[in-house]
Amino acid sequence: MGSPSSRKVYKDAKSALAGILKDDMVIMAGGFGLCGVAETLVDAIKESGVKGLTVISNNAGVDGIHLGKLLETRQIKKMISSYVGENKIFAQQYLAGELELEFNPQGTLAERIRAGGAGIPAFYTATGYGTVIGEGKDVKEFPDSPRFAGRKYIMETGLWADLALVHAWKADTEGNLVYRKTARNFNPMMATAATTTVVEVEHLVEAGEIEPDQIHTPGIYVNRIVHSPDAPKRIENRTTRPRNA
Amino acid sequence: MAWTREEMAARAAKELKDGFYVNLGIGIPTLVSNFIPEGISVALQSENGMMGMGPFPYEGEEDPDLINAGKQTVTELPITSYFSSADSFAMIRGGHIDLSILGAMQVAQNGDLANWMIPGKMVKGMGGAMDLVAGVKKVVVVMEHEAKGESKLLKRCNLPLTGAGVVDMVITDLGVFEIDRSGKNPMKLIELATGVTAEEIRSKTDAEYVSAL
Amino acid sequence: MGSPSSRKVYKDAKSALAGILKDDMVIMAGGFGLCGVAETLVDAIKESGVKGLTVISNNAGVDGIHLGKLLETRQIKKMISSYVGENKIFAQQYLAGELELEFNPQGTLAERIRAGGAGIPAFYTATGYGTVIGEGKDVKEFPDSPRFAGRKYIMETGLWADLALVHAWKADTEGNLVYRKTARNFNPMMATAATTTVVEVEHLVEAGEIEPDQIHTPGIYVNRIVHSPDAPKRIENRTTRPRNA
Amino acid sequence: MAWTREEMAARAAKELKDGFYVNLGIGIPTLVSNFIPEGISVALQSENGMMGMGPFPYEGEEDPDLINAGKQTVTELPITSYFSSADSFAMIRGGHIDLSILGAMQVAQNGDLANWMIPGKMVKGMGGAMDLVAGVKKVVVVMEHEAKGESKLLKRCNLPLTGAGVVDMVITDLGVFEIDRSGKNPMKLIELATGVTAEEIRSKTDAEYVSAL
């Protein structure tokens, strides 16, 4: 850990979040379902007691796991998500009017995050035109475009957070990240779209040990790294097939 | 008499062409992968960031980092690639997926589709459905023809839409319909399920259509 | 080559372009300078004699090399580029009014291509606001955005081509691609933004031989592949440092 | 007396802070990498798709796949990553690069910058300059104070702009100026080059500024 960049490495989740958390902040949390979520970071947020959070995350965890924990403690004020089906506490709080919810189509959510990180305040998409998602949004046509003429598009805006919680398979001390299989999902965009990006990694190596053509997230996007080799990895729907005899 | 879920899936599988890149929704559409015709090779996309999805793993070989959009454990194939959700929906929104097969609560004769919310009930969210129907080249709906004795093929959807003018084909337990998204041509009945008559379909369908049997 | 996807593999550049080329088509050509250019494909376009081309490419080649060849034969009608400094024929034809030229800021060009491939007809950027690039374009402000308030942005549109010419380091028979070092540049976006994408690769392997987490361009974007192990790789500005004695 | 090119580069290098991600333009800005202060570690971005650019290669070790934005052969470092041009400019446009140091033809007292075209001359293109000045957190211009006896620091640029209100600091052979992009404060002279007097600068500067020496 003698490299200059090892200053990005923190000893645990609590210290990696120290000085960042404040009430009413906006947090992006990577993951799809329980796959690729930074659960040790969420645990530390729970312990901190910070509240009034707006959380941008495709899903809302399940009861007692990941964001489900922050719902139990009522630390979350608002969710921006595409699907929240697996969470009873969520439903209760929402129906009681205690939780705000903004649904985004999943691809629109992903692109809004990517746009925010890429300095793009807004973009147009056909997704959601003619549905409640399009209501009140700017509508535009592009009659001169050989590719895009003949349809209507709505304007969606870029997102930005105070803090992004990212789970990666491997990091080097510079913060260069590699994700594994479908645990990649929302993590790479979220890493680019927050004032501070904190990463939970399963494997931490020295700078130079990851092939530079195979880095998914360049270290410039990563502020703090926690090596969490024992972070839980859960399976939501275990489906298997029988072996042939 | 009518088609079973498996027969509906088998009929939907006939829309697959060799070399297609395909996204299958949850429910009956998932069954389509069991009926891919001989000699036809397709790649299945999972919108959480995978092209070339393989079957469920053998017991004991489940990988928490390898799931499909239904959060089920799956496997990879020699053709598999992984990518972010942004790249996945760039692929979908950009019109690169050839075919999406998905379920529905209602389809209207103009191609409107409703499958994500019922007012007054807890809404789970649209997930990737709005992106898929807006972006994929061809959208095939597989659904029961009726729900509680009411036609699901309507003149106009009365549930909130997932997409407006997005459906190209509807396969129900009673038959197969084609829809011209541009609205230039009326909806057409093009096929009857086994043992189903044109009259039965007419009597059970709210939508207006012409017969092209 | 027994896999089903080997149908994407063509024996040479000429056959890989057969049936695609037509006068007045729009072509995207990957590369930055002469790095990561698909020169064997450009050679085949030259031989075909197709003309009236609109070419979207960051640069315009140099005299007698890459796009410089198509300028010599006057097959190019219009260029969309960010920098064309290394090409005398280009300057001559442009100053004589024989060649149209549309300058785009380099990042705007890259993003317009990415947008076209991603189904995004238009987006907003601060780049070029207040300059000639912004003249005549829609201007918008985002006063409610915590990230984007306080500046003005111009609308830029997505690009789409009939044909993309891509150079990759490695492909499998499914068309999954890996690029090498800075030869990646514009190639990945262009692969996504054309009706037909043809790829020149240095190394061709069977499907399954590239680690699926390390694929830069999924095969869905690739229609035709030519294995060109001897494609020229040129250095434009050779700069070195002395070895210590 | 005034600063040499090397002295200007050395002065610009003082703007580097430990851990900065930096983009250096062609010309004098390139020299800045020779003056990085002891104990300071910075990563150099090359907008053609590389973070962590190393020095020129030893003769015989040039790699045609490894060049910088000036199309010069370079090398990689342990911190290096590669990415596409879209990802590179997402990084630039998105405000992730801490500092850009670049040359200019003209700078105006409001931070306007002109460095890409002279009307009537063949225009080579703006390359990535417009993106850099619009996107990078802090923009430092290094240039000669005068060209052919005319001040390059102006009340208003008369050449076509590269960016409007984008420059934070100007380092010339005569001294150093700070600009408040928001326009709330006037341009300030904050430093004199070796052997240069405030009077000399006043006499050679068209722009209005206040002295903060």
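As written, the chains take the letters A, B, C and D, and residue 1 is the first residue of each chain.
Please note the rule applied: a contact is a pair of C-beta atoms (placed from the backbone, for glycine too) under 8 Å apart; a residue touches a chain by one contact, two chains touch by 3 or more.
Note that the coordinates shown come from a computational prediction; the quantities given were computed from them, not determined experimentally.
C-beta contact counts were set side by side for C-D and B-C; C-D has more. Chain centres here are Cα averages; for chain C and chain D they lie 28 Å apart.
With centres defined as mean CA coordinates, chain D is found 35 Å away from chain A.
Work out the mean CA point of chain B and of chain D, and you get 54 Å between them.
Residue positions 76, 82-83, 89-90, 92-93, 135 of chain B each touch two or more of the other chains. Among all residues of chain A, those that touch two or more other chains are 111, 114, 116, 118-120, 125-126, 179-181, 184, 212-213. Interchain contacts give a graph that is no line, ring or star and is not complete, per the touch definition above. Every pair of chains meeting the touch criterion is listed here: A-B, A-C, A-D, B-C, C-D.
Put simply, chain A touches chain B in their complex at residues 32-36, 58, 81-85, 91, 94-95, 103, 105-108, 110-111, 113-114, 125-133, 169, 179-189, 216, 233-243.
Against chain B, the residues of chain C that register as touching in their complex are 3-5, 7, 114, 116-120, 172, 174, 176, 192, 206-208, 212-213, 215, 218-221.
The touching residues of chain A, when paired with chain C in their complex, are 111, 115-116, 118-126, 140, 142, 145-148, 153, 157-158, 160, 178-181, 184, 212-214. Chain B contributes residues 46-50, 55-68, 70-74, 76, 82-86, 88-90, 92-93, 112, 122-131, 134-135, 160-165 to its touches with chain A in the complex.
Within the complex, the chain D residues that touch chain A are 18-19, 21, 41, 43, 45, 51-52, 76-83, 89-97, 135.
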